[in-house]
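Here is the structure we will look at, set down as structure tokens.
Chains here go by letter, A, B, C and D, matching the order in which they are written, and residues are numbered from 1 within each.
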Amino acid sequence: MKNVPFKGIIAYPITPFDANEKVDIPLFKKLVERLVISGNHGIAPLGSTGVLPYLSDEEKEAITEATIQQVKGRIPTLVGVSNLTTEKTVYHAQFAEKSGADAVMIIPMTYWKLTDDEIVTHYDTVARKISIPIMAYNNPATGGVDMSPALLKRLLEIPNVTMIKESTGDIQRMHYLRKELGEDVAFYNGSNPLALAAFAAGARGWCTAAPNLIPELNIGLYQAIENNQLREAQDIFYQQVELLKFIVAKGLPRAVKAGLNILGEEGGNLRSPLKPLQEKEIEELKIIIKNLKK
Amino acid sequence: MKNVPFKGIIAYPITPFDANEKVDIPLFKKLVERLVISGNHGIAPLGSTGVLPYLSDEEKEAITEATIQQVKGRIPTLVGVSNLTTEKTVYHAQFAEKSGADAVMIIPMTYWKLTDDEIVTHYDTVARKISIPIMAYNNPATGGVDMSPALLKRLLEIPNVTMIKESTGDIQRMHYLRKELGEDVAFYNGSNPLALAAFAAGARGWCTAAPNLIPELNIGLYQAIENNQLREAQDIFYQQVELLKFIVAKGLPRAVKAGLNILGEEGGNLRSPLKPLQEKEIEELKIIIKNLKK
Amino acid sequence: MKNVPFKGIIAYPITPFDANEKVDIPLFKKLVERLVISGNHGIAPLGSTGVLPYLSDEEKEAITEATIQQVKGRIPTLVGVSNLTTEKTVYHAQFAEKSGADAVMIIPMTYWKLTDDEIVTHYDTVARKISIPIMAYNNPATGGVDMSPALLKRLLEIPNVTMIKESTGDIQRMHYLRKELGEDVAFYNGSNPLALAAFAAGARGWCTAAPNLIPELNIGLYQAIENNQLREAQDIFYQQVELLKFIVAKGLPRAVKAGLNILGEEGGNLRSPLKPLQEKEIEELKIIIKNLKK
Amino acid sequence: MKNVPFKGIIAYPITPFDANEKVDIPLFKKLVERLVISGNHGIAPLGSTGVLPYLSDEEKEAITEATIQQVKGRIPTLVGVSNLTTEKTVYHAQFAEKSGADAVMIIPMTYWKLTDDEIVTHYDTVARKISIPIMAYNNPATGGVDMSPALLKRLLEIPNVTMIKESTGDIQRMHYLRKELGEDVAFYNGSNPLALAAFAAGARGWCTAAPNLIPELNIGLYQAIENNQLREAQDIFYQQVELLKFIVAKGLPRAVKAGLNILGEEGGNLRSPLKPLQEKEIEELKIIIKNLKK
């Protein structure tokens, strides 16, 4: 598949902060290294998990460069460059390309709802300014706009928009993409609890923060699917579904950091207004993680 | 599995009417016979597809008896007995049992929203008056109430409520049922476009009107799943997904009757206020059916 | 205004049941009499409050006749005749006309979602068979379909569809009706907590079960509006808004019966599956009613 | 009322851009002057209308200073300082205070949904760092979080959170605020089509971009309410409701700029990805504005 560098499990690192709520680059690199060596098939800094919109331009650039340096080409890198304005999106996309990213991910962030034409122009303007491929990302819960399958189809007509990430949680969107765009469309699942259903529907990959905590289970699910073993996939999915639901329900940055601590790993701090999980929630997560190990 | 007579494809016949909008029993029997001989694993008269709520008590009884007589025990029969009042639900459930039904299906029909306790009491009252098993049916789009997974779990504690039919279109409901209730819970999918995802999630059966039109594809999907062949299941699902979406979007009674006519079968009339599909919609369905045959 | 017999407060009686859940006609007549003598401007049996869909044909007829007999023309009567099938709607509308009703109210009850054309045909068919005016009623929460303002406009083109009752709770629907249809359109508010906003928007009347409990406050609001006294209307509205919200939140039949008991009046029983309010809820209602009296 | 500097019509200027999409401060000042001299009771730069989230820190500061300089204390100024992070919100709030703003407006912008506790801490942290009052703003459509009335009540316990702006479009929120918080709570309406209903419900003011186009009608509505003239208020509201609905439906920055041009005023450009209204939409607005003048 042309210009489609991702397949399998694409892992999303968190962005850790120090005690003064400044980005902690050394810890970030350590977290990136964990994701690479645990066998994930791609890495995606500056996603929702990486609290992209809460970072300054300089912080985004530091995270981008730290990722490329740490990964050293062992797996492909997908850098989030979404921004409310087109000008800033272009700026960050060009920075990512120059830094060595394999692709950029763009969600149309909205304060004022955008028309379909405005969204197409936004992607097209960015696409003309870079030569690496773009993953268009649909997530109304965080981005504030729900791109219809018909609009996603229009975006795919832009030459270097080659991938779609769907996070609506509606499996029928994937059916539509596959039916409308043929077996070769590269669509990715971004809704964790939908992982099994999305792979069953033909998703090429799973964009997920879960490998920060349970990489073997995430990769195992993908392998069972690749082996055409539905029952094994079902088993391995049901082993992890409670954790997937928990991290989504509590917010990925909060939940991943809590989970890292439970696993004995450093996860850093959050940036306000985001606050850590409450004690009761941490206890709940401990039980979920403990049950995984059985 | 105790008291769980259904597995696989459970087919829903329509209720055909004559030119005066009276129920046409001879044609109904013919349609039932088609569903039996095409290999379906169960049959469910008086569902939404069978326009249960638009029928008089006498008509419901005639349909029940006609089904039992025609099926002659070749496959198990699931009779819809839902009613706004508890008294009438008991009445029809007892009639179904006396007539020889293997199980009854009950959706809590609501005009005034029911509390969870009212719903539990409703099912419990009916369950005490019959000895055949009950399938509890959740479909907020037609029934007007959305039973939470926690409420469904409560219903399953009633001895002869042994099966759940989920039609919300949210695959995560099935994950919850399976996680909460163990591998042996008998849950069925009632959302046609979710057929593949539901089987992947472990659904025991698929309650569907589609076998009126494409029984081989419906049964084929089930068999691929039984054979643990995900890719084959995916292929056969994508062959039928457009038809599944169409019949849901247009309303099952309207769409099935139109489809039967396209296939050269008699489908009878609808009862007002329901009207046939418009010419343009029929043309759309013709193309979908034609593409299936390729 | 031609063929528009209602203005002001249109009171909705409940349908009381005896210990065996049979309709209690003598008690019903007593409740109707209370509504007439407390000064309401119209009366509407067999509405949602009167649990229309839970009654048999014979019960509906008995309620219709009991109302006409008891009211004796002192105020106009609006009889609910909604039914899932067109045939039955015609039947009950004709019965109401023959019995002496001043108008009938029709909500398009839906199990299968109706198209706009099906809804228009439904109303048109009924309208041709009676000569009294029809109030078209929009309430997606109970009827299952949300009629757009554009559809309501189409319905008003049917000669004896002369009134609209809007219960979506969206005040902008009323703005649209007034702007589109001119100052003379007769639209009525059916959403209790919207009473002040709806009168401010120009509603001709308020269809409400509240006069079973607080007729003076309901009528007082209407009179303040008629007197162009916004501040007085605001005051009297805020005196009753908690009770209005409570009875809607708990379901009108349950809440009105509980309220009647608190006021020392007989309210009869409910028909299963509907159950009385719980003790805690009754205590809450007692406090709300007590605070009214201050 | 202590620490509540606003009552009546609070006008929202747009932020105009030049041909290179840079903020055009001279034109902004001209637009501010129009709003002051047309008789509005307050002015609110850097709101949604002023495309706050699309501006850099420097641009926000320039807009703040330009407003204070131009208004020269003739009417009170309410500066928008919302930001995803608490640190930046504090920064801009302090800048606004130092520049001479009378109050700041804060919506809890969310990418990751915030818990109630996180929101309270966010406001509390900002409130402790400034001494001017804060208007808490609820608008799930743009901010991404819907603050419940109970949460708004908690926010009002923070000493200098003294005002609430409600833009959900649900009039019942205002009923709740008034009932729960007493007659003296200062709540403001931010939903244009709800202007009449909100004033009827007791709103102290109306936060609106409409005075850029129709200040006399906006101020006239407020005066009719102040004069306790409901019918006059209703008349003047229905004169403007179509324009109010149009500007909301099309997005305030786009629609206000188009309207200014129609009125023969300069409105500047938009910043990408926001694009001007299409020709057909401009024609529609022309007709609406023409009908106003009758």
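By our rule, a contact is a pair of C-beta atoms (placed from the backbone, for glycine too) under 8 Å apart; a residue touches a chain by one contact, two chains touch by 3 or more.
Keep in mind the model is a prediction, meaning the values are calculated, not measured.
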item	value
Required minimum of steps from subunit B to subunit D, each step between chains that touch	2
Intersection of contact partners for subunit A and subunit D	none
Same-site or different-site touching of subunit B by its copy subunit C, using the half cut	same
Far-end chain from subunit C, centres as C-alpha averages	A
Subunit C-subunit D separation of Cα centroids, rounded to whole Å	38
Subunit B and subunit C: spacing of chain centres that average the CA atoms, whole Å	35
For subunit A paired with subunit C, centre-to-centre distance based on mean C-alpha positions, whole Å	51
Residues of subunit C whose C-beta touches two or more other chains	none
Which pairs of chains touch, using the document's own definition	A-B, A-D, B-C, C-D
Subunit B-facing residues of subunit C, complex	21, 48, 51-54, 84-87, 108, 111-115, 117-119, 121-122, 125, 142, 144, 251-254, 271-275
Subunit C residues within the subunit D interface of the complex	169, 171-172, 175, 178-179, 193-194, 196-197, 200-202, 225, 228-231, 233-234, 238, 241-242, 245
